[in-house]
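Here it is: the structure, laid out below.
Letters A, B, C and D name the chains as they come in the text, with residue numbers starting at 1 for each one.
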Amino acid sequence: MSTSRLEAFSDGVFAIAITLLVLNLQVPRVPPGGLARALLEQWPSYLSYVVSFFVIGIMWVNHHGIFRHIARVDRWLLFLNLVLLLGVCFLPFPTALLGQYIQADQDARVAAIAYACTSSLIAVGFNGIWTYAVHRGLLHPTRVDHERARATILRFGLGLLVYPVGIVVAFFSAPLSLALFALIAVYYLFDQTSSAIAVPGSDPEN
Amino acid sequence: MSTSRLEAFSDGVFAIAITLLVLNLQVPRVPPGGLARALLEQWPSYLSYVVSFFVIGIMWVNHHGIFRHIARVDRWLLFLNLVLLLGVCFLPFPTALLGQYIQADQDARVAAIAYACTSSLIAVGFNGIWTYAVHRGLLHPTRVDHERARATILRFGLGLLVYPVGIVVAFFSAPLSLALFALIAVYYLFDQTSSAIAVPGSDPEN
Amino acid sequence: MSTSRLEAFSDGVFAIAITLLVLNLQVPRVPPGGLARALLEQWPSYLSYVVSFFVIGIMWVNHHGIFRHIARVDRWLLFLNLVLLLGVCFLPFPTALLGQYIQADQDARVAAIAYACTSSLIAVGFNGIWTYAVHRGLLHPTRVDHERARATILRFGLGLLVYPVGIVVAFFSAPLSLALFALIAVYYLFDQTSSAIAVPGSDPEN
Amino acid sequence: MSTSRLEAFSDGVFAIAITLLVLNLQVPRVPPGGLARALLEQWPSYLSYVVSFFVIGIMWVNHHGIFRHIARVDRWLLFLNLVLLLGVCFLPFPTALLGQYIQADQDARVAAIAYACTSSLIAVGFNGIWTYAVHRGLLHPTRVDHERARATILRFGLGLLVYPVGIVVAFFSAPLSLALFALIAVYYLFDQTSSAIAVPGSDPEN
């Protein structure tokens, strides 16, 4: 199977998951004149909505960043990609938990742990895909610098350590853990590692 | 990253957001014989549904109108496009608010303000994308008349002023503000600015 | 704008609308041992689900049947296509109404009228697209037999009469009206009109 | 109609169905400090979520495995594919039933039967597509070994027998039946039958 099918399917899943997040927002049923206040009191829902929106959006960007270096897909890679998508599809649920319970002290931390575990699953998926593709020689033969690609695995692995930290932080403070995941998303938006392994002069697209 | 990926992902998000609007419509639970009346009393939900449907549909048209002039995408443009999509994905929520509260005087204006703010965010996204793409030289080198493209920025910026007006109108009358946004949508359907900057004789597609 | 963009967007909307139908089905909350009976009592929901599923699926087939003869898209055609998609996106709502009220005598007929009106809107969209495309010369210049294409407009127009009949039938019997729409769907699955206007020897695809 | 349209539409439906599964998960409303326990008590929902996620994901893989051998699509094949998609779109409903009732003894078996029947419908769709495509000569003329393709029909037919077994098992034990369907999914992930009928040296993609 070529990567284009896998990418089109993954694109669809990312696009749907990012759009479904809005279903977590409830229309408040209030007595006359109470809407403004009720909407403002829902701020945790908006906050977790916006964070998850950018988290999924930026994961979509990085999914392409990875797959433009991969030339072939085998069954194990399909399976690893399904693990990644499982986490992406699941994310609206802990997002809803955070939106509901972020002000509830002990329960907020439970919600944050659920969020951090889901994010970690996605990170495991990303790392599994990249490590497997590099070791199995599924990268593009001419466009990718294989030496440098192999060197990135360690860096990817280190990045993986941030997520367990996120879980530990979630045990102490839900808002801090949410801020940490927002930060990771911003970091990944501007981290250009994937272009660093491209062979100079080769066309990264197509 | 080429624009085709970004466009395919954005297409998916527009298509899902426009289809999810129907989930705002509730099946009334009524005593025997009461369905017709209950359905008719939901007219604000249908009205806001139809307006938002065409607003999103026409935004989709204009998204393509803009991106067919853009040749390359960098990380900042990706981010600006995510801001635009954030507004599009969020729109079903203020649409539901309007459907629920448009007859509720004070709360109707709160709902209309939420709708106007979301529309303004989308307008900011559109303008940000266009201004950034023109200044950064991301436009198509041979198909776009760069002189004329630069001239459109001011016109785009003026268009941006309509949205704050929509917010102000929402403070006084929810139906008037909804009518204003329906009007803007129709205006953008027939405004052909994007073809005005095409180099004559060049193929705007592909 | 070429037709490929419009078709990709419409494909997305059809795919989402057909999949969202399942959200109309409620998990019954019953005392122990009551699930089997509760599920069987929901048969009207399954019936309207299956009918709407095939109605949307076959509309998708015919949407392609029409657009493979159309070479160019202008703003009015975009608008007519949005009208068609408005009906498609709205269909899950009258489907839910029918599922809820098909056994409720008077309310069943109200639900059936809503269903028939939505179907009629879609039929108007289809006819508008075809009539406009033929008259405006938007059909493919070499692959379509324009004489025969013009002749199909009347036949399309006659087909349009079936839908008001569906509305009238709905005033008397909801199940009969639902059966009528199922029949129309099957008829359109095997009606091959669109290939009848292809120029012999031309490749209808691409 | 070429297969690419059908595949793109089916891809969309698979992607949406797999993402909608998350809507079955409810945010528990609990008194302070009760979230962790309430979330853990929802384990049947997560279990059925994960099983259905991989079932749909792997069906998507096999849908491509089948359609890359098919060169042409006629109206009957479109209809058979709609039957298959009907089952895929419906799957979130029995998944929700299982999540709700898997611990409820008698009702658990009712939910498992619903799940098994839906899976069987999908299996009938897959077999119908393959048998019809082989007999009708819709397979790719040069890339597929037709002798071997014909031989696979019997094997496909035998596979079909597993699903009625799943229904019978569901009459006795819901968890066992869910485990059986998880097992079938894993089996199909690593079963490479579809590549066995490719003509050696031919490019299975495009």
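Assume contacts are C-beta pairs under 8 Å (C-beta built on N, C-alpha and C of every residue); 3 or more make two chains touch, one makes a residue touch a chain.
What you see is a predicted model; the values in this text were computed from it and never measured.
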Chains in simultaneous contact with chain B and chain C: none
Same-residue or different-residue interface between chain A and chain D, half as cut-off: different
Euclidean distance of C-alpha centroids - chain B vs chain D, Å: 37
Distance between chain centroids, defined by C-alpha means - chain A, chain B (Å): 26
Residues within chain B bordering two or more other chains: 8, 12, 16, 20, 23
Touch list for chain D against partner chain C, complex: 1-2, 5, 8-9, 12-13, 16-17, 20, 23, 75, 78-79, 82, 85-86, 89-90, 92-93, 96-97, 100-101, 104-107, 110-111, 114
Of all residues in chain D, those that touch chain A in their complex: 8, 11-12, 14-16, 18-23, 25, 27, 30, 32-36, 39, 49-50, 53-54, 57-58, 60-61, 64, 189-190, 192, 205-206
